[in-house]
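Quick heads-up: structures coming right below.
The two complexes that follow have chain A in common; it is paired with chain B in the first and with chain C in the second.
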Partner chain A sequence: MPKLTINGHAVEVPPGTNLIEAARRVGVEIPHYCYHPGLSIAGQCRLCMVDIEKTPRPTIACNTLAAEGMVVATETDRVKETRKSIMEFHLINHPLDCPVCDQAGECWLQIYYMEHGLYDPRMRDEKVHKPKAVPLGPHVMLDAERCILCSRCVRFCDEVTRTGELGIFDRGDHSEIGLFPGTELANKYSGNVVDICPVGALTDRDFRFAVRVWYLDSAKSVCPGCARGCNIEVHVNRRRPHHNEGRRVARLKPRFNADVNRWWICDAGRYGFAFVDDKTRLVAPARREDGAVGDATWEEAIGAVAGALRRFAPDEIGVFASPKMANEDLWALRRVLEAPGIRRVAFRVPPREPGDADTLLIRSDKNPNSHGAALLGLDGDGAAILAAARARQVKCLWVFGHDLLAGAWPEAETDAALRALPLLIFTGTNANATSERAHWVLPAAAWVEREGTYTNFEGRVQRFRQAVEPLGQALPEWDILGRVLRALGVEVGATRAERWFRELAAAVPAFAGLTYQAIGDTGAVLSAPTAGHPRSEPASRTPLQ
Partner chain B sequence: MSGRDRTDGATRASSRPPTDHAGLEVPAPTVAFSAEQLGEVRRLQGLYPDRRAALLPVLHLAQETFGYISLEVERYVAGLFDLTPAHVHEVVTFYTMFFRAPKGRHVVAVCHNLSCHLAGAPAIVAHLQGRLGIHVGETTADGRVTLQSVECLCACEHAPMMQVDDRYEFGLTPEKVDRILEGLR
Partner chain C sequence: MTAEKILTRNFERADSHTLTAYLETGGYTAWQKAQTLPPAAITEEVKQSNLRGLGGAGFPTGTKWSFIPKNHTGPVYLVINADEGEPGTFKDRYLLERDPHALIEGMLIAARAIRSATGFVYVRGEYVEPYRRFSTAVSEAYDAGYLGKGFDVVVHRGAGAYICGEETGLISSLEGKKGWPKLKPPFPAIKGAFGAPTIVNNVETICHVPHIITRGAGWFASLGTKTQGGTRMYSVSGRVRRPGVYEASVAITLRRLIDELADGVTGNGRLKAVVPGGASAAILRADEIDVTMDVDGLRNAGTMAGSAGVIVMDETVSIPEALMVVARFYAHESCGQCTPCRESTGWIYKMVRRIVEGRGRKDDLDTILDVARRGAGTTICAFYDGAVGPYISYIEKFRGEFEALIDGAGARVVATPASRAATAHA
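== the complex of A and B ==
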């Protein structure tokens, strides 16, 4: 392993480490635009110049591998002067429209100019003008004047999605990023080019002008859009509620996890959060009697559910858990089922259309926690429960989240089952055709409104944190279920998600030894699958490209 | 730029359906090389360690064959190299000697660089524009001549000069230009 010195710090790095990564290890940041650890080296922006002893000129750090005995200096006068000149060069034709640029506040032209700028512009000529606000596809907007031609987006489409839509056309100061004429940037990961664009050239059509980025707060989370569980940050707007039409969740951004999603997320996950601030959100407990809907208190709703669980025989009760519920919720549900001994429980509702999948990130199972639900022993036969409802053997059905009418089961049969039920209880975040039939509706907090963990298809347990308060009176499912347990006369020690998880880890062997602390920010893989609970999907790891 | 060659991808299916990179159906090409030309393409591709290097000579062959490099030609050539159309478009737009719209039967390119400029190139260009009734960058309505103004052609000692198709014309005067134009049919 080569040993070298960077700004006087000795460091030893694995062979093949470039100077930007080597410098990071000793806390030295080398400014750069085009270099990205997930992409090939382009050497395009020239900003990462450093001085290397016995080398006559400053050298780009991204394309220089650390070598034995190398002495690197990143802050010599010559390097500083070079950076200043390169910043000047990048800004020659830049429109300087920061006040109306969506990237302002997280723009690397701004950030580096503060430190390395010239502060005395020498340009007198008219700038070269290029197209502005050009939609490249459903999600990405191009401003060619702001582009510094780092080619990160081009390399992303070539190397990561391998779709190759983008190119740098024309030359010299007329060069611009673009699409082959007549095509659009519509691959399943297009939003990532906005993340890796270091300037305001590529912005997110969904987020543009919604909120200034400096008003956003962020929470570490996990994407609930499929069984992969990509690590994300949830960006919420709490400080300027009059912006973004009252929507609290402003955007989702990928969060690096070497073992799950690296730097990327798919567009379906990135833009799949609209339900959180949607008009269909359930915000108060409700009771439906003779077709009329009325608000109820939580006490009434919990009392009604507990009463039903007591009144009906255990075999007359069916439960549809949801693979979108957290491990903590599912464990609390299992405790509720165990109290009266309910056995008719399932969590899978087959989708009408099979989910799309690829070899990069996207899994066909569009649920974040099928694996967890299976490990917790909730994997019963849903069709059989509905058949029993049609046969009037099941008289009380409690549905979590699902719209049973939207699945692959024949709609008429499901409809007949729901009609035959004397009591239908629904718990979920948003109204759907099933909740419209429910006699009791218990509003649940969305994943960004609470804490919890999901178990992904590989058996990796990952935490998601609370970013905003629950909407209206909504509560996390574990809280609703804990209240039901107490109403059933069961003593409940857990009053927080973490306590429920601790209880779960003590009871279910697969989760043995896991704690929120052990899971941390990047997740922890379950020791071994519990015998008797089939894995939701093959556990073989699909390598990332 | 590394990674542009689509043949190196282990995950890429070798027999892909006829869709472009955006997944759109590609219409059956109406431009196509002859069997003999395709042999030439393969020969050119075999000359270089990385066959993408043959893109420029193949594009010149395409321009000779099809008259100019249309988007359709770009797609066709991309298919011959298993490159994305965007990559071929990068190359075609980078170089100035590829015509992206139909050009005249003859191309007249006047040097406008320093030596020729000092020796009177602007007057030559003005004279050509007047005689042909077009501006620089345009083609006469009868499709006879395309007029260009270009960077140095490495014949400063003969300034002002221009290139007519594949010939250099030196020491231009309005009279000499008229005689040259008469020779272009």
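== the complex of A and C ==
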């Protein structure tokens, strides 16, 4: 472990640590563009110059490994002058079009110009002109004039996705990022190049011109798109509701987690939030009688559900929980099931097409909490429940989220089961073919509208926070279920998600000792792998029959 | 001092490029001798000879060879830089065309010294005839059994980029990548072509090696100065009566080279300036040419020996126009990897062009000098430092000529399609 000194601070770092990372450990930021901890060293932006004792001139920190006894100074006059020069070089051909640039407000040219530039511009010649507003693929737009040619995007496609769509073409100040002939930037992780682009060269086609970044608020969250549970930030626009057609969720951004997703998320997850502000959202409890749909109050809806749970015999009731529900919801559901002793419960509905998967992040199980649902004892036989409905043994079915008609089960059989049911209750965020058949619809809050935890395929329990208020009258499932419990005459202490989690942690051995505080921002791994769900295997591999 | 011809001794023979001619003049006897010597002894002999790299940097050749890790077990590559692209330099072209076997023999000996089984010769793309001649010689050497017995030679053609003459840019290009210079460390001798220890030497440098082995390090060292041995080939161009390639001691003075070998200045007959070591070398005024042409001699004179491309300018040559040509070259050839070089070569070219076109501003000259100084030493390779040499020296030594253009006296419109297009919106 080499020991070195940076701006007078002594620090000891693991062998192989470069000076940018070593400086971070003592709170010193060395400005840089091309360096990214998840990519190879390029050393081409030349901004991260530092002075090293006994070295004749400033040296780039990214390609210099910390060495025993090294004395590094990042704020000498020489270094500051060099930085200022490098900033000028970066900007002489830049269009300086911040007022119309989507990156403004989170642009490292703006930030570093203010921190390290502040020179008087001397470039009075015509700038180099390059292509603008070039779509590179379905998600990414290129403005080559704003590009500082740091090559992060090129290295990302070469080294992380290994798809190699991007290159730097031409030479000198005519160099530009571009696609190799016959390719487009359509790999499953293409949106990440927008995140790692330090300037406004690569922007997000979904987000650009939607809302200015300084109007955004952010909440730490977890992607609900598959069993990986990539850590994300949810960026929401609450301050300019008239922008972007009222879409509250503006974008999702990856949040670093060394053990889950590092710096990346997939495009499916990144752009998978549209349902939150979609027209299909269920915003009020509703009742369907004789084919006519009418709004109902929560009291009426809760009363109807509790009444049904009392009226039907436990064996006449089936429940489809959802692997998209949080641990807190699933625990509350278990409490509801336990009250009358309902045993017909399942959560898996096999998809019509198997989910895609790869070795980087994407899991074939497109649910964030299958592992949690299994740990809470909800892994029953869904096909058998539907069969029982067709045989008129199950008379009341409560479906959370699923569209039973869209899965792999024969549609006609499912249809017959739903038709045979005297009572179908649906709880979910958005309408679907199943909710269209339901006699009672109870609207649920989307994951960004509430807090909770998911258990990923490796048994890591991770928190997601509330970013916006629930739409309309929607409520978190734990809240709906708590109200049902109370209507059933059961004493319910938990009135917040955290309370439900505490109850769960006290009752289920796998969660023993876990608290929201212990889970923190990066999650906590369950104490022991559960039988049938070893950590290295996806939860979804369990046969469905 | 017009020493015995060594590298160019066979150049007058019409068949000098053939194996027959090479063997008739003692060819491949040095290789026979070298095979009796331990590799370390060859390296030591080359060190003692004071042979220094003749491609541009002037690094001691034997010392470079000794950087190959001693206990390395995998492949080691010998790469010959025949990408000769430094403006004003055309010596390697003659060696490849007129004495290709000298290079092959030198490679055999060098490869033995560094324990390499494979050599690559990276030939400048525009060098069609040199490529043909050299490839034919390689075939002859295979047929005659010099190659293919423990050492193979691969001839690779470049695609027309100056930066591929920079040793790590060359390696990137050889590997099939864009010709971008690589970050150092690691240096090529540790991790070079295809990740293996690699020595990159210039054509002319390696052509000297057989003579050093045959006639001894002492003899070679005695031909030059205390710190640099031998002769070298000077490419003399511009306003001289007899432009061409001349072989002479590294200790010859620039004045003798121009006056005696190249037969004096033409144009109006009065010397104005000389670039002594290829376009990247700082310019010398007429009163600065009593310098020896060795690496240290020219370094002490504030310029560099470089590739020994000597460009002579008489009084009728416009220095601002000459700088514009040079600046355009660097703007065009910058690989674009490092920000300071990528951005400022183009910027400086625009400023110089504006001055030449009579649209200069009072502060342009100081801006150019400041930009050049600020960018110097901040990049991955030496390309930008090479550009800075002319930027600064042309302006500092001939500032009056630039100022006259800025003040409107003698402004001359240079209408190039590029300048028209670029200024249309200005």
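To be clear about the criterion, the second predicted complex is superposed on the first by the 526 of 545 C-alpha atoms of A that agree within 3 Å, B and C clash if a C-alpha of one lies under 4 Å from a C-alpha of the other, contacts with A are read in each partner's own complex, and residues count from 1 in each chain.
Following the convention adopted for this analysis, a contact is a pair of C-beta atoms (placed from the backbone, for glycine too) under 8 Å apart; a residue touches a chain by one contact, two chains touch by 3 or more.
Bear in mind the structure is a predicted one, so any value in this text is a computation, not a measurement.
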Report summary line: So, after the overlay on chain A, do chain B and chain C clash or fit? They clash
Query raised in the report: Now for A:E159: first (chain B), second (chain C), both, or neither, which partner does it touch?
Result: first
Query raised in the report: Taking the superposition as given, does A:E126 touch the first partner, chain B, the second, chain C, both, or neither?
Result: second
Query raised in the report: Regarding the shared-chain residue A:C45, is it in contact with chain B (first), chain C (second), both, or neither?
Result: second
Query raised in the report: Between chain B (first) and chain C (second), which, if any, makes contact with A:F180: first, second, both or neither?
Result: first
Report task. State whether A:E436 touches chain B only (first), chain C only (second), both chains, or neither. Result -> neither
Query raised in the report: In this superposed model, does chain C or chain B come into contact with more residues of chain A?
Result: C
Query - First (chain B), second (chain C), both or neither touched by A:T359 - result: first
Query raised in the report: Which of the two partners, first being chain B and second being chain C, lies in contact with A:E413: first, second, both, or neither?
Result: neither
Query raised in the report: What is the contact status of A:D170 with respect to chain B (first) and chain C (second): first, second, both, or neither?
Result: both
Query raised in the report: Which parts of chain A are touched by chain B and by chain C alike?
Result: 41-42, 167-168, 170-171
Report task. Spell out the residues on chain A that touch chain B in their complex, using ranges where they run on. Result -> 40-42, 151, 154-155, 158-159, 162-171, 179-184, 186-187, 359, 545
**Report entry** Residue ranges of chain C in contact with chain A within the complex
**Finding:** 161, 163, 178, 183, 185, 331-340, 342-347, 350-351, 354, 361, 363, 367, 371, 374-375, 377-380, 422-423, 425-426
Query - In the complex, chain A residues that touch chain C - result: 41-47, 49, 57-58, 63, 81-82, 85-86, 88-90, 92-93, 122-126, 128, 148-149, 167-168, 170-175
Report task. Quick one: which bits of chain B touch chain A in the complex? Just the residue numbers, please. Result -> 1-4, 6, 9, 11-12, 20-24, 71, 74, 83-87, 89-90, 93-94
